[in-house]
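As structure tokens, here come the structures.
You will see two complexes here that share subunit A, one where it goes with subunit B and one where it goes with subunit C.
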Partner chain A sequence: MSDTTTEDSTQNGPVLAADGTPLRRSLARALRRQKLRALMLIAPLLIFIMVTFILPVADMLYRSVENGIVSETLPRTVVALADWDASGDTPPDEAVFAALAADMQIAAEEKTHTKLGSRLNYENPGMSSLFRKSGRQVRRWDLETDAPFMEKFLDIDEDWSDIDVWRTIQTYSPSTTSGYYLAAVDMQLGADGPEMRPENERIYLKLFGRTLMMSLAITLSCIALGYPVAWLLANLPMRTSNLLMILVLLPFWTSLLVRTSAWKILLQQQGVINDILVWIGLVSDDARLVMINNQLGTIIAMTHILLPFMILPMYSVMQSINPSYLRAAKSLGATDWTAFWRVYFPQTVPGIGAGSILVFILAIGYYITPALVGGTTGTFISNRIAFHISTSLNWGLAAALGGILLAVVLVFYWAYDKFVGIDNVKLG
Partner chain B sequence: MKLTTLAAALSATALTLPAFAADMTIVSWGGAYQSSQQKAYTEPYAEMNPDFNAIWDESSGEAVAKLRAMDEAGNVTWDLVDVEGPDAVRLCDEGLALEVDVDEILAPGDDGSAPSDDFGPSLISECFIPQIVFSTTFGYRTDVEAWGDSKPEDLCAVFDLETFPGKRALQKSPKKNLEWALLCDGVEQDALYDVLDEDGGVERALAKLDTIKDEVVWWSAGAETPQLLADGEVVIGSTYNGRLFSVIEEQDQPVAMLWDYQVFDFDGWVIPANLPAEREAAVMEFVKYATDTQRLADQAKYISYGPARASSQPLVGQHAELGIEMAPHMPTNPENAQRFLVNNLDWWADNQDDAEAKFQAWLAQ
Partner chain C sequence: MLDQGSDAFVVFDKVQKSYDGQTLVVKDLNLSIGKGEFLTMLGPSGSGKTTCLMMLAGFETATHGDILLDGQGINNIPPHKRGIGMVFQNYALFPHMTVAENLAFPLEVRKLGKSDREAKVKRALDMVQMGDFANRRPAQLSGGQQQRIALARALVFEPELVLMDEPLGALDKQLREHMQFEITRLAHELGITTVYVTHDQTEALTMSDRVAVFNDGRIQQLDPPDTLYEEPKNSFVAQFIGENNSLEGTVKELNNDTAVVQLDDGGLIDCKPVNVNKVGDRTKVSIRPERVEYRSERFQEGAHLLKAEVLEFIYMGDVFRTRLRVAGRDDFIMKCRNAPDQIRLKPGETVNIGWMPEDCRALDA
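Take a look at the complex of A and B:
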């Protein structure tokens, strides 16, 4: 003990490694090198995921708040309009119109005025044609001699004296906006801050709710249908279970559109199932069942399509359960039900958890099947997102809807982790 | 093994090297429509220009979104895009399509008329080079027992559940449906868009549609109505006239056309903005050929859509395979076009989002 103290005091410094550097630094360097090497190993995958997944998602999410177009296209107008009182009922003065004329002329030359018109038209119907029409005229004006511009703009279209037009331009002047997120929850930026949209234009909250409820229903029916199948797969002799496995996988390999169309042919009113029911006399010919183009059709078709995602994780978990546990339970006097419920079922929960997460997350983002068999009551929020991406070109709103959907999934994931535990999920 | 390596190497070169100057990427809708364009436009053009090579991309359905994405990425790989009129207007507004002067770049009609006169009302946007006129109209089954002896003769039969009971197929979109509903609610054709512009105009049209809502199957792909009609799933339904032509003439189903108040639409080319000069020149040359009087008339041999040029109408002949006279099947045929609508694209550009929101909210009720 005293020896060590003397040695330490004689060295009078930190412990050294063989090459004379302090041991701590040497260790840190070795660890750093190790970490770096590990990082290099996963670098290709990391870079791939960053470039093809994280960055595009981040870029898309940024679009849901990005709104630079107004101040970029109409820089002078935005400045001139800053002092205008939007709560009054007089349109802005000549200075603002002169600024607008100058901005518009440049915009029309670069053909960006129609782009801005389409953007503002999301907020105030009519702006699109107002900008298209005005741009055409303003291009021919002479900024030096043609003043005053207020009258000239009013000659093109009286809407330029409409307070709402100017209010929209002023409201959306900042380079970021909450407008898209508000629209995504059926609200809008009114004169006195956010307010609900009129009753007959509210749609998104309803669709979010419906998407969640139906995804849950699909997940539950997948569990109900998949559990017995997975049990059979895990417990039948190899030859039979292989055949069953092929039956599970075969639809999995068939095109989604083919499966969806097949359900249409089966379920429609003049379809196979109704024909059979009428033929055996269960249903009368004029009261054929409506099983498609509604929620029922969507749930049936999507349950079928997503079923393999439930069966496969359940199957691999069930396969790893030792059958002697069940035998032991029974030999200790448990009834069939008790042996199943107290001994077998708890061991399969990780498989159900994994399958449910897979099915639920896939279901919440589905749009082809709901679009084809959903009719009016079975469509999902993703159908609206697809519409705004490819038809209305309102990518900001699509990004906001997608952002909310992403947040909902994360909240569900967090809740699942909290109540069930994410460690409790096994794919095999 | 060697073969796959070679194939991989070749495809890698194809990805990295710019396409050969004579390659032209043409975007269309696929199916019968695209093959009519191939037979009428690109095949004869390739015979005249041996090094011309058309590469087809069946993306017209998502053309607007894809073109915008390409433009933002700064790498437009398309040379010529076939779109519907409203999409052309939107692409033009977004600055994604090239503005063209038809009198300057297109061939005059065979009768010597200037292109701007020859194409007439189909020139709906500065960026749009029209090809065909198609229409959205109704087909009905001819063997419905519940109808007795009556046959649908005008548009309002669609809204008449008493005389013509049964399911209807309508497009899951406010466009056209709102106009049709108002017409059958007693609005004059000239006043349609004034009424829609009023407060409560869209609501009035939706209230009329509400009277048949329970009997409607909503479609989103043009192929759905022909299938629904053929299966007897609906008794009357709207779709594109070319689809009904093939159900009636090619597949011989008990279906008939109801042309009353068909809605005309135009389909045509747009050239992406900011193409390199060399590619743009090649496209211009091709477009000049593909939209001349004879070529537009030729296309009608393969599909029942009307040519957009007035001077092409007299040249429309017989179907290339069925051998039937095509003129009576053209939406533009005077017999069929006694009453028709043309969507007011300006109104729709302004009010599409608003009407769509109301329509979707109404559907979800």
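Take a look at the complex of A and C:
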């Protein structure tokens, strides 16, 4: 067959290119060159995104489950502790304490024991000081002669006989852990698997719920305020609509901090709005409204800040709707309202969808504004993440919270795609 | 035919329209359309055709004058109560509804029952032979199919008056001709009064009962197609409708139904005075290419002839189209039927041309 094909390619062999190579191969070669060139064109951006976005995100996601610190700092103890029965009520035996002494001496030398202490402190408060105190003492011991170590540890601190301390060390000795994620949803690893934390220690679920509800409220108020504006933008004569467009974009050109602070001035109890309300007598002087440092303040300020992200996609969709649709509807006998509701509105849904996705996703991860005007009741989960990143330095928990936030956004995106269809989103 | 009387269904009475308060887009429009009539508004771009349609449909208000529908003034009736079917230039089919939903829309807003609606939608779809497409979206239809749906939608609620704004503008020639036929057939079958806008003169001539030629915000002539073609009242209409030869000159002699015009290069021709008043008036005479003759046996006794040089001979199948230089102009066209005895003139030949005086109309300059 291979012999005849070269002679009579039109009948039964592969089609040949002008230079005699099979057409398929020469096409593939030509395409490969094209693809390579395209790849080279986007390479700078790709590398940039990899380095500044994908790698950090991957790193954070890794941190949210990473837990090498216990087995790295206390390698011998982890091995010795493997056989210990955590469900009993006796502390481990002398072998474990000897291993701990050996590990601690090295760790204290390298000053890694305090780090381990603060890591374990997230799971069991008190561990930090226990490790710091023990580290100081263990450095002076002689491993050859000073056995047995069990008593010596107990001399340093009674807590070394506490089953919970050993349970914590054993639980967190594997190099990965679900502990951060459990903590992020107000759970913990108990003796028999994951369990809810005590009522008074639960904060994150509530915070997630509040973040979602407030983001939803912000999205809805952006739709309600933005829709008429977008409609005006799309339907006013050129000159007026350009002016209006500048007003819409104006917030983009002002610093976020300035805008947020402006809301503080407007909304505070001695602020402009309260003053006016008191002046016209709607509100009595001793019952001024509390509109800032709470949920209301956050919703107002964030609606203002995110409004352009709602208006712009809606505008671009509305602009592409030919006015003859409305005329057609009316000529067919529809009243103004029916024409709007049955003909115009459905065509603007893609714009609303695009704006809502943008605003919702931006809102759910927003940080500065809730931090400034949120007070205690108006803060978002992102403020908690920031707290763990920069103040408590519990990066694992921060990463887990961030990971959950990412998952929530993806779930919303998926749900939107499922029920509305992502190809129904139009940004312009 | 100018039925100002009782059977006038739509009347424009001294209607003017200005958008900007400075220029009149429609100047003094007087028009009455009989019931069941198919009237076409024909005119160049920007002559105010769409504006007239929009005033009738209620999307623009007349600056001055009255529009009457079935004897009642409609200036103050909102568009959705006028009950006028409309086919838009871009069809304006609702993209988010299926074909059937599009058609059901006018019935729904009229609160018809479901079974009634379905029956009417089906009938309307069958009428335009689109019964199989009920569940498609407009975007999944070809231009011609969309056009038919737009037509069906304008007709489904049985309006007495239908307005169509260049509905066939986007179609290819064959589909266009087919649709022209369909639209006239439907309009006559259903007895609908139709106002049709186009700037395609063939369309206007083949479809209409009467054609209103628009220019510069005025109706230049309002007549049935044959009258319009054969007896244009002014040189704009003569130029705009069909192919036309136009020669400029001065009136030399003027009798009741004949005149002699001296062309600018001195040649004399016979014509019929239409728009000239006295000897010495400037005039443009208009002759249809198919009425030009070059064979001496067909001329009248004593007719004035012109010398013409053949510049180009174009074979077009059914006709021969010959371009001539006449009276210093080299865009004079003569059309001869491709008959067995027809001669094919050669470039460079010189012939004498002439015509029956009544085919040559002396119009305004």
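The working rule: the second predicted complex is superposed on the first by the 388 of 428 C-alpha atoms of A that agree within 3 Å, B and C clash if a C-alpha of one lies under 4 Å from a C-alpha of the other, contacts with A are read in each partner's own complex, and residues count from 1 in each chain.
Please note the rule applied: a residue touches a chain if its C-beta (ideal position, glycine included) is under 8 Å from a C-beta of that chain, and two chains touch if they have at least 3 such contacts.
Predicted, not measured: the structure shown is a model, and the values here were computed from it.
*Asks:* Look at where subunit B and subunit C land on subunit A after superposing the complexes, then choose clash or fit.
*Replies:* When both complexes are placed onto subunit A, subunit B and subunit C end up side by side without any clash.
*Asks:* May I ask you to decide whether A:371 touches subunit B, subunit C, both, or neither, giving the answer as first, second, both or neither?
*Replies:* Touch partner of A:371: subunit B, not subunit C.
*Asks:* Touching A:342, do we find subunit B (first), subunit C (second), both, or neither?
*Replies:* second
*Asks:* Can you pull out the angle centred on subunit A between the C-alpha centres of subunit B and subunit C, to the nearest 10°?
*Replies:* 130
*Asks:* Go through the superposed model and pick first if A:328 touches only subunit B, second if only subunit C, both, or neither.
*Replies:* second
*Asks:* Does subunit B (first) or subunit C (second) touch A:111, or do both, or does neither?
*Replies:* Only subunit B; A:111 stays clear of subunit C.
*Asks:* On the combined arrangement from the superposition, state the nearest Cα-Cα distance between subunit B and subunit C in Å.
*Replies:* The answer is 45 Å, the least C-alpha separation in the overlay.
*Asks:* Touching subunit B and also subunit C: which subunit A residues?
*Replies:* After superposing on chain A, no subunit A residue contacts both subunit B and subunit C.
*Asks:* Along subunit A, where are the residues that touch subunit C in the complex?
*Replies:* Interface residues on the subunit A side: 322, 324-325, 327-336, 338-339, 342-343, 346-347.
*Asks:* What does subunit C use to touch subunit A in their complex?
*Replies:* Against subunit A, the touching part of subunit C is residues 57-59, 78-86, 88-90, 92-96, 105-106, 109-110, 153-154, 157.
*Asks:* In the complex of these two chains, what residues of subunit B are touching subunit A?
*Replies:* Residues of subunit B touching subunit A: 61-62, 64-65, 68, 90, 92-95, 99, 167, 172, 203, 217-218, 220, 231-233, 346, 349-354, 356-358, 360-364.
*Asks:* List the residues on subunit A that touch subunit B in their complex, please.
*Replies:* For this pair, the touching residues of subunit A are 111-112, 114-115, 117-118, 121-122, 125-129, 132, 197, 200-203, 206-207, 268-271, 293, 371-372, 375-377, 379, 384, 387, 389-395.
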